[in-house]
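For reference, chains read A, B and C in written order, and residue numbers begin at 1 within each chain.
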């Protein structure tokens, strides 16, 4: 154990322990539960801040525990890991606040918040995993801890969504397990390294390496909702809004995308992936997913379903950036990991607010809702602009680096894909905005605001804050510790050939 | 350290005598049966700790009962392999005993305790026996006790299940005995160490292996001889089901492992690979068939029973895995022993949890299991955790076992085994979550709920948590298993 | 010290209107409209030239005020003051939203004027563009909404093209300042870059033949939007053309295209003005003609190898004038009757085809969905315990199977 490695355990424990305790708390002890939740979330954020500071100043945090002969349980906080950890823990705090407001008075809150905390623990574990085995452990744990959240409502639809979620993700997990084991039997190690650890095997096991690559990608691709493995995501939108936020922005989908980054960069290495001829098909798959997701989103009337298909499309930007295999494109992909999270969580918060406050679930019911809930719809507008990629919201920065990286890598077709996606994004987001702001409300209008506020504080502030963050991430892209700066730091640290 | 802390007692003999004495005492003096039963079971754990330290010092302990040595007298032997099975027995036994204490009413309990202690004694004796005939005797004793326990609750289903179980177990023992007789005729001894020296490859050895293997396969409920298991295990009272699934089927498997590892595999080497292949195929078929059937069952206990059929299949996957020299692959056997432990804990927890559900709702029909999660959160947690371990999902003992076995299979390029194991894991997740999915649906009105004592809930949960913790501790436990499976430490990676 | 003050001032004239645009702030200020515009006016009066470098904004942004920009800033102030007057006469229910949108567009406009590099320019153009879309929709009926739809389609397309052009430029050179925009564009890249920029800004400026939204908006939109149309989006797009396509860079072809289009637009506007001289249509023709004339001039400068220095001082003033002229005309006839739109824009067929395409796509999806049969859970058969008990009672078979297994195991051993 290197000095300071306890902090890695502490980061995990800061959500695990409150989660376990919350299971045991009686339903009616709201204050205690809320206090525990917030204590965990805030202390996690502080710990992560500490680690960020340390890593920025060249410290390395590593924790190594013997698990199996020759295979350790490894947690390591490098810049890449911290990108995801910071995203998860920051958004966790906000989502917890939001969930407290959203679920006020509804049953089974102890169960909900318990699994909520477990879920975040697992996603932080996925981020910190230092080898493929540890990654796999947390990846499966994430599947298991999210399932109760997906079926939380307990309706028949929720049960079916949960079944489909498990069918997809557990199959993905099995493929990942198969790939991991196969790789282990060939390489004898599973440790992530900056340039991959399978170079030595190319001469003897070329075919096997290609197969393993697709096994692994299929395994993480299920969570990253790559077409045709995306079927669970739109179904899972029956879950409550905080869960959707969690699935789409904080944990699940991101864990899949993050896995793709790890596999391409730190298992295979970019050069090897290009040499094996697997990078280009992956990029093509990502491009197809981007366009397909957007096309499907166009035809959804259910707001959350439209947002879900939008996620399918947007998350593949990350895969695309990674698969283009140039340093600048990777910056675009990685920074989108954060940017997409900020924007999508805003959108889902807003959708939740609409559902909770004025009982709107469909886009066709949204006429004129902007006047009833100006702050909510303001946040929604900002995030939607970001999704389209309008400057200076965060999405613009991602698209900029993706496009630039694609040109640099000589893959100009990606620019066209980006343009097409932007057009489609505009086509399915702008009508929503138009309805909300400029149409007159149908019938008697909406339920009036209580006490002059459009909705509860806990429901209103999280989306406003995340919207401000997504604006800030784009507007202040070059400020120290901004997502972009941090990703460039990652690129300098880990990817050779970028300065 | 053991000489200082613990006196040098004949741990093996005590492990057998204590439960048997307890059984006799409980039968003779029913009012004290409960106290005796609980104390004896707990005492077994202490004795096991003593035995463990002794084995850690000496690797293999031999104890001649009454001072009479191997060829004539009865000899007991304790090594790491028996210790693994004894540990599973002691842990599950304690959990089940605590559970049963709340489960049975006073009148029933008087009958239960002597039978249970008898079964415990027989199991311990079986795991400590060093010769084939002793193994037969203990196997028979265990079988009788198990059948009696199965029939314990009365009722038509239980009796018919028990009857079929009795016939199966007798038939299996008989066939096994035939093999033993053959071996005795050929070599003139039944002691393991002497047999190793004297046994030669030939028709007699082949026939003996065939008969013994078949008999034990029937008793272990290996596909296609599993027909007796689901009715027996699902109709018995919950604690008994747990014992049957977690321990009793493992006992005959233990004998098979002993025979295979110590007698036949060294004897025939690569030539005997075909036998291993057949067992492996049956194991694969068991995994797929058992899981598929489990997925189709409408009731929780039947589902769990079929899951046992599938899980037994995993244990047989190690037979076809051989080292380059044609000897059993230590890595694979280590994995199987791990699975034995993990399965014992998880399956016991699952049956106990199923028993809670049955008692709470008065039925165990899966689609009507609504509203349980809210009233029996601990039971639900136990069922889910145990199910996760059964499905081989991290971070549980089941995952580690599956990982080790998969690794061994992959290193030998056995893709068929790998595919079946992965598919079996998915099917297992399917049937576990088929049940778990119904825990979240809101309540239908008007349940005639019967309260479930806290002890019953907690024992199920404790066993499930043990199965979970098993997945966190392989670094400490694996060296023990390495001792159990082979001369040298198992090589993990080339 | 003064530099710092000027820097803050430059920031303030952009941020302050946005702050005031929040309805909650606006409602609580005395004379909010004048207050919102006051910093800009102050800066215009007190400062000749100022620069502000903001390295951590977007990709390193900057603001600059010089004599040329002061012309445009002055024009904007005048226009928005007038628009504010017009807005105050609107239906009180509509006023808050209109003021908010006006302030957003103001901030966008001023930002575009002051921006010293293309990304910042693009950022503020989003603000202006979408704000102006809001103004168009906010004002009127179906006609205005249709004009707004056309406008936003043009806007999205233009922004995309600009994005691609910027990518191209960034790929070719590091620094992205207008002042240092002197990379040698060569061959195909030059054609591609200038083509993208040209098409984008022509769309944004509504130059013939892409003018449909301009004329429609001038007839049907609410008074403030009509007033701002020329001085806002159109002039800013022409400004963009001037900023993004530097002369003396071998962009003669682009210059020729501009000249040709400008001339055509001018002629078209004149012909139309003769053909349909109704007062309601007059501002439209004026705007078209002015746009065409400016484009013609710009093409002239661009095509000439060294005509840049002489025109540089003149351009902002001309643009400012062009922005004010139609506004004057509209100010004098604010209450134009909403004329019907008898001339359809050339791409209405798209709107007719779109639902059909949508149906086709949906049918395709349905077909795909049918390919994958729905998988309900296998029905739970009523195989109760008693039933399964009777299933296997054939003991002889068991014994035979057992014997078989024994045989196999033994034979293989």
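Just so we're on the same page, contacts are C-beta pairs under 8 Å (C-beta built on N, C-alpha and C of every residue); 3 or more make two chains touch, one makes a residue touch a chain.
Since the structure is predicted, the reported quantities are computational estimates derived from the model, not experimental observations.
Within the contact network of the assembly, the step distance from subunit A to subunit C comes to 1. The most central chain, judged by the distance from its Cα centroid to the centroid of all protein Cα atoms shown, is A. Separating the CA-averaged centres of subunit A and subunit C is a span of 29 Å. Centroid to centroid, with C-alpha atoms defining each point, subunit A and subunit B lie 43 Å apart.
Put simply, the C-alpha centre of subunit B and that of subunit C have 71 angstrom between them. Those residues of subunit B that touch subunit A in the shared complex are 373-374, 377, 388, 393-395, 399-400, 403-404, 406-407, 410-411, 418, 422, 425-426, 429-430, 433, 436-438, 440-442, 474-475, 478, 490, 492-494. On subunit A, the positions that touch subunit C within their shared complex are 295-296, 298-299, 374, 385, 388-392, 397, 399-400, 403-404, 407-408, 415, 419, 422-423, 426, 430, 434, 437-438, 474-479, 482.
Residues 23, 55-60, 97, 119, 122-123, 126, 130, 134, 137-138, 145, 152, 156-157, 159-160, 163-164, 166-168, 170-171, 358, 361-362, 365 of subunit C touch subunit A in their complex. By the touch criterion given at the top, residues 377-378, 380-383, 385-386, 388-389, 392, 395, 398-399, 401-403, 405-413 of subunit C touch subunit B in their complex. Partner subunit B is touched in their complex by these residues of subunit A: 23, 65-70, 107-108, 111, 136-137, 140-141, 143-144, 147-148, 151-152, 154-156, 158-159, 162-163, 166-167, 170-171, 173-174, 177-178, 181-182, 184-185, 188.
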